[in-house]
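Here chain A shows up in two complexes: once beside chain B, once beside chain C.
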Partner chain A sequence: MANRIVCDIPLNRAEGDLEIKVAIDDGHVVDAWSVGTMFRGFEQILVGRGAFDGLVVTPRICGICSTTHLMAAAQALDAVAKVRPPGNAIRLRNLALMAETVQSDVRQSVLMFLVDFANPAYASYRFHAEVVKRYAPLAGERCIDVIKATKYMLEIVSLIGGQWPHSSYMVPGGVAYPVNGPDIVSCRHILRNFRLWYEKNVLGCPLETWNALASVSDLDAWLADKAHRESDVAFLLRLSKETGLDGLGRGSERFLSYGSLDLPDDTMLRSCDGGTQLIPSGLYEKGRVQLFNPNLILEHVDHSWYADEPEPLHPSHGMTEPYASGSEGKKYSWSKAPRYDGLPAETGPLAERLIAGDPLFTDLISRRGNNLVTRQLARLTRPAITIPAMETWLSEILEHSGSPCYTPVDESQLEGEGAGLIQAARGALGHWVRIENGRISHYQIITPTAWNGSPRDGEGRRGPWEEALIGTPVKDPDNPVEVGHVVRSYDPCLVCTVHRVGRSGAVLQL
Partner chain B sequence: MGVSLYWFQCGGCGGDTMSFLNAEEPDLIQLIDALKIDLLWHPSLSNISAKQHFAFQDDIINGVRPLDILVVEGSLIRGPTRTGMFDVQRGRPKKDLVAAMARRARFVVAVGTCASFGGFGSDTYVQSTGLQFHKREPGGLLGADFLASSGLPVINLSGCPCHPGVISGALSALVEGVKMPLDEFNRPLAWYGMLIHQGCTRNEYHEYRVEETDFGQKGCLFFHKGCHGPLVTGPCNKLLWNRRSSKTRAGVPCFGCTSPDFPQDYPFFQTRNIEGVPVALPQGINRANYLVYKTMAAAAAPERLKSRKTDI
Partner chain C sequence: MHEADALGGLVYDALTSLPNLPGDTEVFDGGLKGLDLLGFVENRSRVVFVDALDFADGPNAVRIMEREEVAGFAVNFGHSAGLPYLFSVMPKVCSGPLPEILLIGAAGPATPPLVRQVVNGCLELIEHGYV
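This part shows the complex of A and B:
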């Protein structure tokens, strides 16, 4: 072990920073620890507050995905009130969430992931000058363009809910106020402009052309077509191949989706599994999809800075008692370790595509195994399936114009338990709430980053990106760009790890 | 030499940065270009190595590298028990790093309510506080007497999140040397000198006391739904959000997120009432006079408002 070094790597350009501790042996990662270093105590802030207050407090957990927390909070309260919102309310909620997700997919892919190829570590590669011109932070042509285009997409959220980020227009029973016809037409203009921009610059082809790719050989043929070579998708694929990243970041090959985007009763859109949601739930493992059972979610705290519990708890009765002294160094993160049916699971856009039976991504995983490029490709191209569904729902809102958008729910009469389980931009997000006497008596949140960036569990099993780092080559421990690629391919959102991951720091420890 | 700017995130959600990305005329890139900002570090945008970042940070703290503007986003976390160890960088409490850099900066700007006043966690064992205020009390992390080397106190740009136009407007004024009169909480009056209520399209419903009792209606949200529009100041209905709208226009009560008290300790979607009159009344108003005025106004309300014919 003469060449073994241990480094603490602060990782920025995550939403919130993160510290990754890796042990490197002969230039390769042999062990990894994902360290969350900030605690904000949001779950405790909620206890004792008004029954609806999760709608205001939880969006403030995260600046890039506040709508997803709002959706989970509203659905948890729908469940407590045992109410199903009217069709147009479901459409408006879904549209806002989808607009935010599209924004997040493109911003993260370009501003946080592709930017890494402009790193000086790649100065000797022949693509470097071109990549700096495209992706240098705040100066690259594509970065400037993405900042501009994504902010217009967010105007859809503003037209529905007043502002982005941090509004509270989803309320139990529906939305706070209906959106008038001319504003829906404005949303269609915004979406149309975004589609044209996305097709021209990000995808390099019409959405329909991309969505027709059904195999690895289709993808290779698409990439070989010169017409596509200037798109961000083509750059992601080409750069990854040239730098040898396409075999890295395997991680766990167990994929989880809670399911998301409820289908209104009278919609033209259909779920691919015949279910009630556009994005199906399930667990994908070894080429098979199993039914999702929310009771199989447990959270471990053995390696997290919380008071030990006799056994892992389901979030409906989970605890958040900070215990920072750590038991002899065993505890190392403010994130808990969620496990599904006892094992870690990866969540995010790739999980959604596999569980939905997407032929291209199923073929990619079966032929090439899980890796960081496929994970990032699933995110960068998710708008190709999201945008057409948004177009359909905008049209349906106009067809049903004047129909109700709210079923009254009396906050003072609310009592009981509920859960809001959805797919956020980064994957499976759950809110579990209990209301007693009109007040919140229990609130637990498990975020996608808690799944993907979890520390070890009670059995000592690593979380998904800890596992994905094993075997990663690190050429320069002072500039470990490879570690960044692996972790950023999960789209880490550290402010979101409620209990609460964040920030780091850290100098190299040799 | 450009204007050096270092953006530090502490106990927050990153929402002010996300809000800033939505800036228009100038957008973020145009602003940096126009003001000749040398962005030493931004946690969401920079791609320099950690080693280089910490060299910048050390040089600022040691006075080797001059710093024009320190921007802080997120609260200063002091817990547990005043150690600050709930939020650390390089094993050091971030609050200590902020204090050390603030002493070297020409201007210090608190972006968002958490950095200004403590925000979420200011009443819990997380022990969050603001840069120069703890909620309404002067003090916070740096103390009531703190002045940056320009002679200005911490400029507070509150809001959860802060409006992007306020961030770019305040940075421009500082760099260009344009005077910004401040209110009692050191917020520029240009954006915090008017009530949220001003410019709300439900104003006429408020005027004649046509009250909304549940979501989905057109009336005023102040009397029953917890709206803070007539109580707190801020630019939401002046500048609008994402060029389009505001919460009150979309039927969502204002939660008073620019206020030093945010998040308040009472439920957000209910108005605290005494015999049907809100406990908290618009700034500076006499309770008895208000009661008379609103009773008369309700009686004078035109039919088109009572029957909710006027759109919002």
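This part shows the complex of A and C:
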């Protein structure tokens, strides 16, 4: 093995497509730009292809949340075909999506968010040695434990979908094949083991105890109980308080959910709003939940590297015409700027909890305002809501064993438009498709990160995390860890290569 | 897409089209996955990875690297946490014995000569009893 030459990283460099640029004045962020540095282009790949091709192509958009794209693509085709999948097909689709989301929630929270507390910027804090022991990248005890535990959750997706990621078992009308009883039993064992691990290590208490917390005072009392002191949730709360992060990353207080997880006709589970989905849709603003109207979604391209349009377009009419020359200094991102009813909106697990009327998170927002800690807490504790629902649906699949998993759809007869709107791990995800003469004539996708990490719109309004960065203190411009905390609290589905632009124009990497 | 990103897929296609791979050899297309390749490497004795790398000595270079060397490039977890992250945490998270790991890295656009060179490298490792 002589003569080896050390490679110049990055390996697997197909990502690396987010830059955050911030202007710092007097130790605080005074302006911010979210820059998507790569063109996605999946919409063009799909035009002209067969009606079902989105089921194979779109899961390849992302290796982290490919099941979410499969679900959105399948639901868009359900809408075109005007078909409702049978109950067990709905359960199987939902379970795979939930398993992917649960593993993502825990991995992101520990491996991407909590690890930042091991940053040398916190070396003088009394907790630092303990945090390094728990959360140091690549070596922290909790990091290694999370990798071990979460890899089994993805086996649920594999058992249901045949593989993970990039499975294509969801089809319009249901799923491509039923899952046999022993595989469902295996899923139950995996979930049971994960629940025990999650309760012991992440929450530090039974799910029921956590889900019973209904106010800030309940949360404070829970945190004061030494029995919970060693959990990841307790560490998140204590570290954030000691470092003052609970006052950062405010952003907008406008939250959007498309709604997700259709309820089968004969399920024990109920939607909290009496609707047809376990996760309700809506817009939360100023303490009130408004009905969600998908027609109010528009995308701006004024600051995006796309050909200008006379006015913002709804994705059912949206265009994807890259235009990277001209308008230098104005256009700065490959992400478009989606807006709901004309304004930016934050999406993700916190939006889901608020729109569902969760009393704890409603009280947190009411008393403390939106901030990065509440946003991250919603993500880290979302499995406490998700796991019991998964348990119910796994049991119901066995109770309805042998029932159909597919309503026939004739691909050659598919014509028309449809949309698949769901909640992915990171928030609202939409696929809009039009089928003409058996071929895809139009496809548009808006990802959760397009909502949260959008550039400015036609009115010059910043996107949610651009706005959340304003006012963030930066103690050391050479190590702007605070900027990373804010952006990561949104769980960007891009590589979080955070850069800083100072007055001198120098760019540093976090 | 970087031209180099086609390398893994083209090498996979070439290897799976060969008629005479030893029976105990399996070929996987790992795509861009890093940590999520864990399930593919657990409980195997030896694994050879193929990936496009940026070498300081320019295009068309092919190098064989050991797990520990690649692991040295790992910094942190992210959505693009790649092979360095996987190789770094493997000793602590693998179920069963840790497999022996080699990486064949190639620099530059995935031209037919470069793909052939990498495929030949894989076959040589198989022939000499590595896999």
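Quick note on the criterion: the second predicted complex is superposed on the first by the 475 of 510 C-alpha atoms of A that agree within 3 Å, B and C clash if a C-alpha of one lies under 4 Å from a C-alpha of the other, contacts with A are read in each partner's own complex, and residues count from 1 in each chain.
Note that a contact is a pair of C-beta atoms (placed from the backbone, for glycine too) under 8 Å apart; a residue touches a chain by one contact, two chains touch by 3 or more.
Worth saying up front: this structure is predicted, and the values here are computed from it rather than measured.
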Subject >> Residue contacts on chain A - larger count, chain B or chain C >> reply: B
Subject >> Partner chain(s) touched by A:137 [first = chain B, second = chain C, both, neither] >> reply: both
**OP:** Using the touch definition from the top, say if A:33 reaches chain B (first), chain C (second), both or neither.
**Re:** neither
Original post:
Once the shared chain is lined up, is A:66 touching chain B (first), chain C (second), both, or neither of them?
Top reply: first
Original post:
So, does A:112 touch the first partner chain B, the second partner chain C, both, or neither?
Top reply: both
Original post:
Where does A:148 make contact in the superposed view: on chain B (first), on chain C (second), on both, or on neither?
Top reply: both
Original post:
Just chain B (first), just chain C (second), both, or neither: which does A:52 touch?
Top reply: first
Original post:
If you lay the two complexes on top of each other, which residues of chain A touch chain B in one and chain C in the other?
Top reply: 9-10, 12-13, 15-16, 63-64, 107, 111-112, 115, 137-138, 144, 147-148, 151, 154-155, 164-166, 495
Original post:
Across the complex, what residues on chain A touch chain C?
Top reply: 1, 4-16, 63-64, 107, 111-112, 115, 137-139, 143-144, 147-148, 151, 154-155, 164-166, 493-496
Original post:
Residues of chain A touching chain B in their complex?
Top reply: 9-10, 12-13, 15-17, 37-42, 44-45, 49-53, 55-57, 60-64, 66, 107, 111-112, 115-116, 118-119, 136-138, 144, 147-148, 150-151, 154-155, 157-169, 171, 173-178, 180, 186, 322, 324, 404-406, 408, 411, 478-479, 495, 502-508
**OP:** Sort out for me which residues of chain B touch chain A in the complex.
**Re:** 9-19, 21-22, 24, 27-29, 32, 39, 43-47, 49-51, 53-54, 77, 79-80, 85-92, 94, 120-121, 124-126, 160-161, 214-216, 236, 241-252, 255, 257, 263, 266-270, 311
Subject >> Touch list for chain C against partner chain A, complex >> reply: 1-2, 5, 31-36, 38-39, 51-57, 61, 63-66, 69-70, 73-80, 82-85, 88-89, 92-93, 105, 107
